[in-house]
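Heads up, the next two complexes both have subunit A, just with different partners, subunit B and then subunit C.
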Partner chain A sequence: MTIEAAMNKKTAHIEPSAEELAEGVRLRRRKRLTNLAIDIFLVIVSILMLLPLVFLVANAFKTPAEMLAWPPTIIPRDPTIANFSAVLGETPLLRWIGNSLAFAVLSTVAIVATSAIAGYIFGKFRFRTMNVIFALFLATAIVPFEVYMIPLYFQAKSLGILNSVWGLLLGYLVMSFGIFLIRQNVIHSIPDELLEAARIDGAGEFWIFLHIVLPLLRGALGALAVLAFFQAWTAFAWPMIVATTRSSYTIEVGLALFQTGFTVDLGRLSAASATVLIPSILLFVLLRRNFVQGVASTGLKE
Partner chain B sequence: MAAVEIQNVRKAYGDVETIKGVSVDVPDGAFVVLVGPSGCGKSTLLRMIAGLEEITGGTIRIDGRVINDVEPKNRDIAMVFQNYALYPHMTIAENMGFSLRLAKKSREEIASRVADAARILGLTDYLQRYPKQLSGGQRQRVAMGRAIVRNPKVFLFDEPLSNLDAKLRVQMRAELKDIHARIRTTTVYVTHDQIEAMTMADRIVVMRDGIVEQVGAPLDLYDRPVNTFVASFIGSPSMNFLSTRIEADRRSAVTESGIRLPFGSETSVAPGTAISYGIRPEHLTIATGGGEGIPMVVANIEPTGSETFVQGTIGGQKVSAQLRERLFIKTGEVLNLTLSPSNSHLFDATTGVRL
Partner chain C sequence: MLKRKRFIFAILAILPTLAIFAYVRLYPIADTLRLSLYQWNILSKNKPFVGLANFRELMGDHLFISALVNTTIIAFGVLILTIPMALVIAALIFHRTRSKMAGFYETAVFIPHVVSLVPAAMAWKWIFDARLGPLNALLDFFGLPMQNWLFDPVLSVICIIILCSWQALGYAVLIYIVGFKNLPVSLYEAAKLDGASGPQSFWHLSIPMLKPITLYVSVVTLVSGFNVYAQAFVLASDAQGAPGRQVRVLVLDMLENSFRNYRVGYAASEAVVLLVIVLVLTLIQFSMLRERGKA
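And now, the complex of A and B:
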């Protein structure tokens, strides 16, 4: 058959046979079953991940006797707020939360500010010396914190900032990963022409940073803020050695007090932990969109 | 408005020289197009006029003032980029008024100048939108608007139409030309597309490897290219070149296979000299008289409706022809052609320079 003949031949409409129809039904059913299996698997995984959290909150409302009962109950039979009143009354829990909050917020502000400036400079002003400095920045991430924890402690001591928020902040002002994250974002999402256009339009370098670069980095900076906040919020080793007075503890250090070498006061620990969860969950809910966007934006166009 | 004078400008990155002494005069109010293949240095030259690249040697003057070391913002220029470079987080109005805001103009003045520019460009309905809500052509117009609003001495365009589809490109070409006709601001326009250069320019500067090959009005370049590079770069489909030798009568050249190609007037070049005989595809026509003609072996026929493009060989050398007639012949057949001798071009076979 010539090409013309093949092109001219009308494609006749043929009804699918019963066999073909049955095959279609079979394939569709298989697809549905696969999807169902995936859904069930994901639901089980989610439950497994949520369960410890649910028990933590539930335990906070249980009496000591019920806490040790078998099988464990999810909804307390005899709910009590004794644990909460004990924790809030006998320990300066709110003070610790306040310390943690101040520490985490200040650390976040410092890290976001330093990462934004350094990331932008490293991303857009590419000289050989800059590359060397950037490599040095990255190299600091390789050194484990425990290695320089003690020297840093002596530094804090000689500065006279032990047992204060400033002492806590000493190791949490700059985050090399944050600089890296912002640099990658700058390279990826801010074209040179945008900065050049602004320069021709008459903008100074600082104006460009403030009015063009920062607004475009909103997503990445939001993600970094969440990371930085939780890094400080969950910090343990450094706060423990810097804060030695009961009133200067962060919440993480304070929680550890409920476990001594010999006993664990489960009820109070649960109540305190449940209280501590509230600010972190709140923050995540507020910044969730930024967080997901920032993490996803590294692989997407526009 | 102002003239731009570029004198013996050089650009070197370390030991590598990318612009090797370029001199171009852009008269006040002119539309000058820098054209050339990629890597020829046309964009670098434009960026040097803008102040985005440092000038290694030579001088650039705008309105008589040497601007070599003047900051971009103090050169009184506006630039339109290939990717438009619109600020994505600002509305169209904010984008267009950005430079005025930086210049601390009053709110009323910014609003009225933005509104004027928007009217010229047909963007009035889009002022409160964001760049991502607009189509490519509209974004291109906003980039234009941002330049117009400033009322600069010179407009610089860096391949502004390359990101548009073919149809829109033709439309924007006409719009740009129309805007230039109305506001008559001195314009330097960079493109790699010779059609854009031909259709828009008052004067074309053809560049290659960091030097200027030829400067002239579009049709001058088309009719009298100084060398084979310009001859093949300007015009589409590009000029045919046949390697030939001058005949004893000095009025024609002959190919190795003995096909005689006339060039009308007598040349001063010695008989027997090897030359490159150039003829544009549209100057080849079908021979009407039978017998006497140049035989072309047809390899491929492309009917476009209005014209027919034919590729083939004359004496074993590749040639293309642009014919008015519709052809009903097959590949491998021979087509008898004539050419108009007055439209032929002779170039030195080795240097490529026009004879």
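And now, the complex of A and C:
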């Protein structure tokens, strides 16, 4: 009885007055307005970030006359695909894309394989030797590729693999960060008890790795694969020095050298660039979650 | 016995990766350090040991000095432009994290970071183009004087900074969003009860709490800024097929010394300078983090 009375009293007390109601409405409206302002700002930022790429794609569909028009147009008045057919007919664009694809796929396979094995060993076999090797891997991770690519070039040369996809691959076989990422995942998501149980059941070490460890690492390996693929796909300095014949260019090198030629045709250049950009943007949008997971984990290195 | 068996498995499993790693990382890194002390002209057979002569020559090489100055300006320019913008954009995206648009914002800001460098640089080259580009058209529209963006030595460095920042921004935003997600919610609720406004808690709570992330993103941005090459190659090359004549950067100078002037030892000493810069930046990051840990 007393409790009920107290509760009644409390609800009566909480009952908002007209003024308080108006205050709440005003606060809510203010909050909605702030959110609206933030949304408008973010939409503008997003559009500005995408605008250069939109320009590029639009230019790819312009006629040569419109390309030279002043002031420049944003949306082509008279869209044409002549630039695409010209660029596909006159340059080995598809060949370059093929080279880049082969390079990126092979590099992804190599990086995923080496990172999976090394990450597992460093995560679960904590012998002193292994810790020393891991420290070595980590210490060299700080050294940028550009620092040691010239000696690496001479190694590729002595192997006789310049101007081939194998030469490109030589620079992108391992990724210190990949090993680190997988090691973190092994430590956090594979319990020792699971491995011990399998060992007691008589499973071999290699069987355990294939049938227990790999399936548990699928998510992390997926994220790493996406990172590795884009890393090789967008590589520039290394392909630039290793692939120096027209038929061995990657798409990045091909485009960069194409644009320094004597007759620069902006329309065709844009068409070639758009041909490369559109599939990679689509791929990124499809794999966004994997990618974001992988990149976000680079920030948790400390 | 069992432990020994496991040890043998670990060694056998790590061996192929270790061998590859030694061949494509350790050896070339060591070779860079070694070559920097030698005078090696690709064409001649003998490589005399010259001690620190390469480094001494670098000090007086005006091409190297201008490359070093340009690269430093670019790296710090990108840093100054990127970090504050990324922090604000990440805070706002995080604030709207539950709205349907959050995924779109994240994707839009991040796309420039993943697209290939050369096509993206191509897009900017047109924007900056003095005769045809929309940037000059915009200036003209507002009655401002048009600029020769890519041919003026100062303006072309600014163009490279803008291009690099456009690419670096997405990464920084993404890392900051992760940082915001890891901040304790209770702290913000307490601040709100004490009457702190959104901007106030951003300034007095978020920024100090995100300091380790800011440090990390800054170092990553600086290091990639010091390795700038493709952007300068595409933007600051003229139509005559003379790439990179306008803006010299370290990597370009290094590759030119090695492959155009055939001076590999000299180029290696430049690589060592680049390495020292990166090491110093990383050490600063670690020592600042440790200081924070003690406090």
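Methods note: the second predicted complex is superposed on the first by the 262 of 302 C-alpha atoms of A that agree within 3 Å, B and C clash if a C-alpha of one lies under 4 Å from a C-alpha of the other, contacts with A are read in each partner's own complex, and residues count from 1 in each chain.
Rule of thumb we're sticking to: a contact is a pair of C-beta atoms (placed from the backbone, for glycine too) under 8 Å apart; a residue touches a chain by one contact, two chains touch by 3 or more.
The structure presented is a predicted model; accordingly, all values stated were derived computationally and were not measured.
Per the definitions stated earlier, placing subunit B and subunit C onto a shared subunit A by superposition produces no clash, and the two fit side by side. Applying the stated contact rule after C-alpha superposition, one finds that A:193 touches subunit B and leaves subunit C untouched.
Using C-alpha centres, the superposed arrangement gives subunit A a vertex angle toward subunit B and subunit C of 110 degrees, stated as a multiple of 10.
Of the two partner chains placed by superposition, only subunit C is touched by A:230; subunit B is not. Of the two partner chains placed by the overlay, only subunit B lies in contact with A:212; subunit C stays clear of it. Residue contacts after overlaying the shared chain place A:70 against subunit C, while subunit B stays out of touching range.
Of the two partner chains placed by the overlay, only subunit C lies in contact with A:151; subunit B stays clear of it. Contacts of A:109 after superposition: neither subunit B nor subunit C is touched. Touch counts on subunit A: comparing subunit C and subunit B, the chain ahead is C.
Once chain A of one complex is fitted onto chain A of the other, the partner contacts of A:161 are absent, as it touches neither subunit B nor subunit C. Once both structures are overlaid on their shared chain A, subunit B and subunit C have a minimum Cα-Cα separation of 7 Å.
Note: residues 302 of subunit A belong to the subunit B contact set and to the subunit C contact set alike, using the contact criterion stated above.
Only residues 34-35, 38-39, 41-43, 45-47, 49-50, 52-53, 55-56, 59, 67-68, 70-72, 74, 114, 117-118, 120-121, 125, 127, 129-130, 133, 136-137, 140, 142-152, 154-155, 170-171, 173-174, 176, 179, 205-206, 209, 230, 233-234, 236-237, 240-241, 251-252, 255-256, 259-262, 264, 266, 269-270, 272-274, 276-277, 280-281, 284-285, 288, 291-292, 295-296, 298-302 of subunit A touch subunit C when the two sit together in their complex.
Subunit A makes touch with subunit B in their complex at residues 191, 193-194, 196-203, 207, 212, 215-216, 302. Only residues 5-7, 9-11, 13-14, 16-18, 20-21, 23-29, 31-32, 35, 89, 92-93, 95-96, 99, 101, 104-112, 114-120, 122-127, 131-134, 137, 140-141, 166, 169-171, 174-175, 178-179, 198, 212-213, 216-217, 223, 226-227, 229-230, 233-234, 237, 239-243, 251, 254-255, 258-259, 264, 267-268, 271-272, 274-275, 278-279, 282, 289 of subunit C touch subunit A when the two sit together in their complex.
Interface of subunit B with subunit A (complex): residues 50-52, 71-73, 77-79, 81-83, 85, 87-89, 98-99, 102-103, 132, 146, 150.
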